[in-house]
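Scroll down for the structure; my scribbles are underneath it.
A, B, C, D, E and F label the chains in the order they appear, each numbered from 1.
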Amino acid sequence: MTNNICKQITIITESALEHRLTDDIQRLGAHGYTITNARGKGHRGVRNADWSTSSNIRVEVVCGASVAIAITEHFKEHYFENYAMILFTSDVEVMRSEKF
Amino acid sequence: MTNNICKQITIITESALEHRLTDDIQRLGAHGYTITNARGKGHRGVRNADWSTSSNIRVEVVCGASVAIAITEHFKEHYFENYAMILFTSDVEVMRSEKF
Amino acid sequence: MTNNICKQITIITESALEHRLTDDIQRLGAHGYTITNARGKGHRGVRNADWSTSSNIRVEVVCGASVAIAITEHFKEHYFENYAMILFTSDVEVMRSEKF
Amino acid sequence: MSLDPVVLFFMLGLAAGLMRAEMRLPPAIYEFLSIILLLAIGLKGGIELSKQSFGDLLPDIGAVLLMGFVLPLLAFPILRYIGRLKKVDAASVAAHYGSVSVGTYAVAVAYLASQDITFEAYMPLFLVILEVPAILVGIILVRGISKKTQWGALSHEVFLGKSIVLLLGGLLIGWIAGAESIESIGGLFFDPFKGILALFLLEMGLIAASQVGSLRRYGVFLLSFGIIFPIFSACIGAGLGLMLELSIGGTVLLATLAASASYIAVPAAMRIALPEANPTLSLTASLGVTFPFNIIFGIPLYHKLTEYIYGI
Amino acid sequence: MSLDPVVLFFMLGLAAGLMRAEMRLPPAIYEFLSIILLLAIGLKGGIELSKQSFGDLLPDIGAVLLMGFVLPLLAFPILRYIGRLKKVDAASVAAHYGSVSVGTYAVAVAYLASQDITFEAYMPLFLVILEVPAILVGIILVRGISKKTQWGALSHEVFLGKSIVLLLGGLLIGWIAGAESIESIGGLFFDPFKGILALFLLEMGLIAASQVGSLRRYGVFLLSFGIIFPIFSACIGAGLGLMLELSIGGTVLLATLAASASYIAVPAAMRIALPEANPTLSLTASLGVTFPFNIIFGIPLYHKLTEYIYGI
Amino acid sequence: MSLDPVVLFFMLGLAAGLMRAEMRLPPAIYEFLSIILLLAIGLKGGIELSKQSFGDLLPDIGAVLLMGFVLPLLAFPILRYIGRLKKVDAASVAAHYGSVSVGTYAVAVAYLASQDITFEAYMPLFLVILEVPAILVGIILVRGISKKTQWGALSHEVFLGKSIVLLLGGLLIGWIAGAESIESIGGLFFDPFKGILALFLLEMGLIAASQVGSLRRYGVFLLSFGIIFPIFSACIGAGLGLMLELSIGGTVLLATLAASASYIAVPAAMRIALPEANPTLSLTASLGVTFPFNIIFGIPLYHKLTEYIYGI
């Protein structure tokens, strides 16, 4: 069994960014991502998903530590200032670590 | 970089509670929350989201340790007995810890 | 307070498996599960939820360590080879550990 | 007896659900269908109200309100002492049965239409009126007129719940705009109405089927109550219809309203006001027993009943 | 040749998808549209069955069933030996092409209507019948009549899948209720039918466009197979129509059914029965090649073909 | 003045939202309704274009395009120097007000229909045309014709955004297929159109109500701008209508287009092109002030205005 510790990055942000983020995520070396629709509230106010402009997505990426740093840094630089976005990271144990 | 360890609280419960929980969460000091629609099964049976009365929400809050305790205690006292609800906590590393 | 450390298993896979997985999960000893609809990309390509055949689910199970191993092993044996699926595990602190 | 297609759709859903077919309608669609049904029923009633003097209706409204308070008071002791339910559960189930089901009402309307039976077009007003009193009764039975009850939050939940807002909103719009002008939006609210009801009932059948598991758990009393009490309520409703000198059609509808049990507004209110009540219990009875019974057997029965008491 | 608006909607979806426009229909809406299409097709067929003696149809049903078994058996060797697909993939693709596509059927019906060509109204029955046999053939080709196959779970998946339940359910309801009574729900199922088909095809165009990436990967064989095999199947279907003495319209529909490839029922069944088969392969062929081909070129071609063999 | 039912639906949504009733329409349904509205408007326009020589329209198209460039240039200095907004915010709000709102257009069409006023049926073409120029102006006001702007990604976002693709797609389909053939899909796109608009406006009312919080934050200037600037734009639009010798109805529509502010296409483009602009600011003005104002008061006012300048 090839269990292993990976990083799980969770990003909650505006739906409008979906395509850009998934492009970035793949370019920076992650092998996959998962997205769910979400709503919420943060510093930029309520985003209640009533219609597309006010809806959020929750993006999850499982990847190695270095890719995680690359993604975090990239997002910090390009999106944190102007977009509703939070990003947090934790450790997860994965099966088939060669996939990530 | 101001990375930092925060608490991530995940609550899975009845959709009917959405407004009350988000009010509580903000009153108790969290700076935001994220909600996704969910379905599931637990001690109170199947909640398969076929229609509003039987649907769940999954609420996520990232916050400091003391707020996390406040939320956990409040929910335990007010909701655990009478509502379908589970709550669990883990540590996450956040960017921009001043946001949380 | 009966706080306690449990395992949180997250499985992201094809929606078509929903019934089989939830049956397995319960048979293997977990007391509940939560499901959200998701989309994503991995080794088996884009699953963009445009229609049922191409949509994912994100299944979350909170359970004790031994059940977690049982679930992981079972899924590895029965689903990893032929289905789009990732599975990862982390530690969470739960309230009311007797529920899990 | 030839079955109306909407009833057949319900049975299809029931059968599919019992055979565990993969047929879940997306929740968004269920919402969509029920929004259209509520608005359409409201609009139809509103159009008629615009032709009516509201004052003339006040006595009828009062009588129907009264029935809304009485029905749960009759249900409660049966549930508590024969059914041996906990006090709070008895009160909650009583509230469900004192209130009404919009889906059942719509099927009764379709039933009357298919038999060319007319009715007082302001019946949707009674539908709105009957939603609320039973909720109050249920709460007071448990809490008394306690200060601890969050009446603010509660009345918000009750009066601003989706079904009341849409029914009342529809009534108001129909009333203000009038028949001719509402005609222009009939392409969504009136022409496909019965088809939308059919699809809605398909989903209701699936939901009802999913209650069977818990029905088995709660057993024979709930099953009997869910059938016998509605018949009893229907008698009261029909009697009231006779008293108010409603037409045959109107009386059938009032009997059906009395016999129907809520599964939307009341459950939501009970989660707030009486959260310690077991919601599965009420929903199993209301959705798993009474709704199917009313749709398939009840409505024609209440029609017979009405004809009988009108001496036809 | 003037293009039917529903075909134009498909092309709009295709174009928008290829240009990567942001136009994803919500999945709930796709579900909604397909549920209405399935029920509507079933209902229409059922109404006609109620006028027909079922016994008279038995020979036709048998012949059509037989075609459902034969078509995948013809596809399999081509896929295995010319296409050099793995055994399990060849079997899975064969199952897709032996079965049918409801969307394609609906477009063919619209096509005939726009040309004022009538057809045997019980064709939806053949649609239901043709869904299943190819699945069985596909599985047996790989597993033999093995005990290891979970026939229980599988037949549940096949016979209680959404498309069969809704088609059959519609058939039954139409059959029981009869034309006059079904009329009342026509405002949802019949009047907007073609518009709903148009919207459905818009989404199908988007889905088809999203297959282009994998099409490139799998190359020329899949592209050729996805066009040539349907034409070949259509000949068989048309031949059978001639044999069964169907009308021109009925023959065009049977040819179209033969030519169409499943993208709902069969993929779902294959994930259960033959999970090691690559689903992308079958869907790329079925959705990315055959569906667009049939919608845009195939149906008029099968019409020509039918006229030719009928000597018109 | 009797209110059109669609306006009453908007007010119901507004009231329900302000009273915080639980009435959120599922996002999938909002999408569904807006897709049908966009396609229907496009189709209607396309049918007419098929009767028209495109060349004859070129001068009008040019003039309307010009208005699309001028309006945001007029709005910008007001926002920057009277409103004291940051440069980027002023440019973004200006872009919203230079562009158009499809919902407002649809209500104006319903308004004219209810008054039996005809208009040039190619107006949807102007709707499409007016979506774009203001976006360009907004960006150039901030960035100049900078190379740093990702014009590629941006023009993808603008020209392949949902509203333009569906409007243009509908136009093309209507144009190619022609009136008679489009009739067949009218059961979804035309008959229920006004009902769908009503439901859409119910949700728009809820959305508008949810802007009230931020409106309070941004204060009096935004409120005044959101009412006065549209009236001013309407004058320009009406003047242009007069110049182009449009009918009364056409002029009312052009005035309404000028007065309306975007809340779909422009916000999406601004998030890409000018992400540092505060989106809440523009949406509060556009959705929280101008949309309700136009729906309830603006359209009848622009009608009066048009009659005035036509000397009726």
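Just so it is clear, a residue touches a chain if its C-beta (ideal position, glycine included) is under 8 Å from a C-beta of that chain, and two chains touch if they have at least 3 such contacts.
Predicted model only: the values in this text are computed from it and were never measured.
Chemist: Going by the touch criterion stated earlier, list every chain that contacts chain A and also contacts chain C.
Modeler: B
Chemist: Going by the stated contact rule, which chains contact chain C and chain E alike?
Modeler: Per touch definition, common to chain C and chain E: zero chains.
Chemist: Weigh A-F against D-F on C-beta contact pairs and write down the one with more.
Modeler: Result: the pair with more contacts is D-F.
Chemist: Could you check if the interface between copies chain B and chain C is built from the same residues on both sides, meaning over half shared, or from different ones?
Modeler: different
Chemist: Rounded to the nearest whole Å, what is the centre-to-centre distance of chain B and chain F, using the mean of the C-alpha atoms as each centre?
Modeler: Roughly 39 Å, centre to centre.
Chemist: Round to the nearest whole Å and give the separation of the Cα centres of chain A and chain B.
Modeler: It comes to 19 Å between the two C-alpha centres.
Chemist: Per the centroid of Cα atoms for each chain, what is the distance between chain C and chain F, given in Å?
Modeler: 45
Chemist: Which residue numbers or ranges of chain F touch two or more of the other chains?
Modeler: 25-29, 31-32, 191-192 - these are the residues of chain F that touch more than one other chain.
Chemist: Give the residues of chain C that touch two or more other chains, as numbers and ranges in rising order.
Modeler: 36-37, 90
Chemist: Among all the chains shown, which pairs meet the touch rule set out at the top?
Modeler: A-B, A-C, A-F, B-C, B-D, C-E, D-E, D-F, E-F
Chemist: Could you pull out which chain E residues touch chain F in their complex?
Modeler: Against chain F, the touching part of chain E is residues 2-6, 8-9, 12, 16, 19-23, 25-29, 32, 110, 113-114, 191-196, 198-199.
Chemist: Spell out the residues on chain F that touch chain A in their complex, using ranges where they run on.
Modeler: Those residues of chain F that touch chain A are 24-25, 27, 30-31, 203, 206-207, 210, 214, 263-264, 267-268, 271-272, 275-276, 279-280, 283.
Chemist: What does chain E use to touch chain D in their complex?
Modeler: Residue list for chain E touching chain D: 26-29, 31-32, 35-36, 39, 156-157, 160-162, 165-166, 169, 172-173, 176-177, 181-182, 184-189, 191-192.
Chemist: Can you list the residues on chain A that touch chain C in the complex?
Modeler: Going by the criterion above, the answer is residues 1, 6, 8, 22, 26, 31-37, 60, 62, 90-96, 99.
Chemist: In the complex formed with chain B, which residues of chain A make contact?
Modeler: Residue positions touching the partner: 10, 12, 36-43, 56, 58, 72, 76, 80, 86-90.
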